[in-house]
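One chain, chain A, links the two complexes that follow: it is found with chain B in the first and with chain C in the second.
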Partner chain A sequence: MEVTFKDVSLSYDGSREILHHLNFTIPEGTLVSILGPSGCGKSTTLMMISGLLAPTSGKIFFGDKDVTKQDALARKVGMVFQNYALYPHLTVLENIMFPLKMAKVKKPERKKRALELAKLVHVEDQINKKPGALSGGQQQRVAIARALAKEPSLLLLDEPLSNLDARLRIEMREEIRRIQQETGVTTIFVTHDQDEALHISDHIMVLNNGDMQQFSSAETLYDNPSNLFVAKFIGEPVINTLEISDFQGELDQHVPADILKNAVSVGIRPEALQDHDSGSDTIATIETTVKEFEKYGREKNAQLDFHGKKLLTTEIENNLEKDQKLTLYLQKSGFYLFDQDGKRIFGGDQDAK
Partner chain B sequence: MKVKIAMVLRYVILILGGIIMLMPFLWMLSTSLKTQPETVKIPPIWIPKQLQFSNYIDAFKAAPFAQYFLNSVFVTTVTTVGQLFTSILAAFAFSRLNFYGKNIIFVIFLGTMMVPVEMLIIPNFVTLSKLHLVNTYAALIVPWLASFFTVFTLRQNFQSVPDQLYYAAKIDGASDWHYLWHVLVPISKSTITAVTVLQVIGSWNSFMWPLIVTNSENLRTLPVGLQAFTGDAGTNYAQLMAASTFVILPMVILYLFLQKYIIAGISKTGLKG
Partner chain C sequence: MLNEKPTLKSTGKAFLYLLPMLLITVTFNIYPIIKSFMMSFYTKYDFFTDKVSKIGWDNFTYIFNDPDFHIAVKNTLIFVVGVVPLTVIISLVIALLLNRIKWLSGLFRTVYFLPFVTSTVAIAQVWHWIYNSDYGLLNYFLSLFGVNPISWLESPKYAMLSLIIMSIWKNLGFNIVLFLVGLNNINERYYQAAKIDGANSWHQFTNVTLPLLSPITFLVTINGVIGSFKAFDQIFALFNGNPGPSKSALTIVYYLYQKFYTEWKYGIAAASGVVLFFMILLVTVIQLSYSKKHVHY
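Our next item is the complex of A and B:
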């Protein structure tokens, strides 16, 4: 099911807005992540899609149908909660059967469907246990099976992996991807973990302070961040950010003057600072001093001093000494300028959204 | 060493407390097996010379206890079931629903918990007599169909249930009514058991109210029926205690079986029984 938000805003108390004028369309059959820091409104957005929360203004469409006024009961979505919210007094099978029972499906039929779902999520050997006797990963699987039981048009996942340990998290995110592809259900996944979002989703929506920052593929987010927030939020290690005033003429020959005049912040990805000239992609050179050099495994990281500001690079070929002078070649891909509102005005592909 | 002394002291105090608690029950048992002169003997004796089991048979014959027993069972059952039903609904409303004046109403109800039960006897009696319900089963039951103590205890428990479970039920297609009976009530089993047992005991032991509001013999409950042994010529203590033993026996058995739930249910809400 395609989900469309048209100018949706929400405020709990009428004065302070939690979400501001959201406009987006989630295409049918895709897996979309809503990504953002804590308190940015991503779970709230999910609650509005589910119908547990009604928007203060704006309209929500499922396909062509306006569902703004419908509650959770009527919207028929499946949802997995952060703490799974399984019914503790029911067995695994009864948990999966519960939505079917509420939909008044006949008992033999609902048992059959529940068993199929238990197989799909690989908990068929646990069906007679109570949720309390299951591990976190198994509870997660049961919660997904329950959410899928009534063949929902949408599957919503609210930070489903945050209560799992690191290894299980990676396993489960692949499971979610597999289940989504097997069932073809449009899936919306809320997370604060960029790694999770980048690995699992077709598209990522970045939210901050109740505003949509960017909604695009993982690759576009990284290569063409639409603003400073997205540039800083996506990428590990974090992008180097400097003020335009930290540069002393190094950019003058290389960036058009009318753009440079509006630029306020500079973002440089750590891999865009190279210690050798790559040729065509190099747009400028800067003189730095080595502050720290670390080498572990295949990785070489250097902390550099540039006019009193710190820079990090991961693209060092030769070992370095502390306090050594170093010329760095700034690569065009991975170099961005932002104006006073944080909007990207240089670097990347200007046409990309 | 210090730890050991503390331990011993703790047990001594607990055992003493236990003995004090048990004393009336033991005295009741002992008296129920005495002859009439032995019951009033000074200094009191604990173990009768000869155990008078015939007191139990005589006590049964003294009044229609089978009828009283049925009355007690009936009143207790209806009161408890009715009160649980109203309290579960009210507790759900106070814990989950939003309605105008919710907090004010709650505080007013909370205030009623401070009114002693004895003070309610007269207004309740006047109300019932105006409704022409005095001396009926309804009189024994209706005033106790709502209890704010039960509402409050259940509400505290319902509030400890995570919101996400409610949302999950909503997403799964459950109405408030389904959520209440298929999810909330089953998972609040221990608290519900605790308030049920407390209510059963309270209702079973209730004396003052049935005494005041009924006067026909066929409406008498067991505690009221015990008066049969107190006449103008004095009290037959041995038979009274024999009958009392019979009256409290079901409650003692009930408590022994369910004490785990009672303690868990009450300690969870931080309330005294």
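Our next item is the complex of A and C:
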């Protein structure tokens, strides 16, 4: 189901606003991640979609239907909580059957559906155990099965992978993707881990301090960050950020003067700093000094000094010596200028020629 | 060391730590239990010289044939059945309501806890007045509904009911506090999950609150059963040192007290104590086996 927020704001105590005027539409059948640092309001947004929290102002639509006034009971979404919240006194099968029991489905039918779901999430061999006897990954899968049991038109996941170890996390996010594609349910996935979001979602919504920063595909988010926050938040290693004043004329002949006049911050992705000229993709050349050079596995990282500022690059072909002078070729893709509000005014698609 | 193997020395050391408590427990609990078991078989016994001249089953034969003891057993069972379920239900309901109160919640909790910290004798005195057939508050209240005055404490028909009402009220405070602790320990997430799963308030109560509260309910029940089986002080205080009109509130412990302190039949008193012990044991074992299935820790 399509979810639309129209000018939704929320404050818990009436004075301090947690979320400010959110406007977005989540298309039907997609997997959307809500991504942001801790405390940015992403779980709160999810709670408002579920109906556990009511917005202070604004409207929420499921499809064409205004559900703003409906509570969680009436909205009938499926939700997986961060700590799964499986009923500890019920077995795995009973947990999965619970929403069906509440929906007054007949017992044999309930059992049949629950078993199908247990199979879907691969816990069919655990159905008689209590949640306490399961591992984190199994609990999470049971929680997903429970959320899917009543065939919701919307599946909400609140940081479902944060309690799992690294390997299981990767396995489970593939699992979530698989289940989402098999069932076709519109899925909203809250996470603070960009890796998770970038890997499984069709679209990513970046939130910060209760404001939506950008809502687009993972690729667009990386290639065309709409502002400095998104540019800094997405990408590993983190984008190099400099002041425009750190440059001494290197950009003048490549960036239009009226844009350069408004630019305050400069963002350069580590892979946009190359030690070899790529011709037309090069936007500028800069002179730097090597501070540190690390090589592990297939990765080569260099810490460079540029007019007293630190730069990091991952695109080094030759081995470097400390304190060696190095000319770097700044690539077009991965070079951005931001104005004083942090808005991107140069770089990415908008300046592609 | 966490993985230390038990040795003679370490065990001895552990016993040394336990010794002070052990000493008190053995002197005041273990020894009296053993002694009263033995005493129940003393048929000819001089209490002051502690000389036993004859032992046998006579004490048990006596109490099993004593109509007073039959009354005591019957009254005790009525008391337990009358007090425990109602105490559990009422204190759970009050705890649920108190849990909803945001305003002055501390004050309300204190008010409901007061009966627990007040002495039984003082409570009984107050209730004595409430139950007064001429000037009592209860009869006045009932008269508003056109009910004729009832002699609560003087009529054998009502004496047990009066006792049960007072005992329930007295038990509430502590049980409410236990239930409140239990309610606070239930993670809010379960209610949110239940709401998402389509459970309305009643289903949330039966499917989340009740099962997750079951350890506390179990504790309260066991506690109540054992406490009610041992009812004595409230009877003594409410009926001014009598087991109620025509023994209508005579319980096993009251019977024991009478045999021991007023009739000096130590063997018989001990025998009734042993019977009570096995009754409580039986009920507790039944409760424990029930709890294996229905209590979720």
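Definition applied: the second predicted complex is superposed on the first by the 350 of 353 C-alpha atoms of A that agree within 3 Å, B and C clash if a C-alpha of one lies under 4 Å from a C-alpha of the other, contacts with A are read in each partner's own complex, and residues count from 1 in each chain.
Just so it is clear, contacts are C-beta pairs under 8 Å (C-beta built on N, C-alpha and C of every residue); 3 or more make two chains touch, one makes a residue touch a chain.
Bear in mind the structure is a predicted one, so any value in this text is a computation, not a measurement.
Aligning the shared chain A places chain B and chain C in steric conflict. After overlaying the two complexes on the shared chain, residue contacts for A:Arg146 are found with chain B and with chain C alike.
Residue contacts after overlaying the shared chain place A:Met102 against chain B and chain C alike. Contacts of A:Ser278 after superposition on the shared chain: neither chain B nor chain C is touched.
By the document's definition of touching, both partners, chain B and chain C, reach A:Asn83.
With the contact threshold set out at the top, residues 50, 52, 71-73, 76-79, 81, 83, 85-89, 98-99, 102-103, 146-147, 150 of chain A are in contact with chain B in one structure and with chain C in the other.
The touching residues of chain A, counted against chain B in their complex, run 47, 50, 52, 71-73, 76-79, 81-83, 85-89, 98-99, 102-103, 146-147, 149-150. Residues of chain B touching chain A in their complex: 162, 164-165, 167-175, 178, 182-183, 186-187, 189.
The part of chain A that touches chain C in the complex is made up of residues 50, 52, 71-73, 76-79, 81, 83, 85-89, 98-99, 102-103, 146-147, 150. Here chain C touches chain A in the complex through residues 187, 189-190, 192-200, 203, 207-208, 211-212, 214, 296, going by the rule given at the top.
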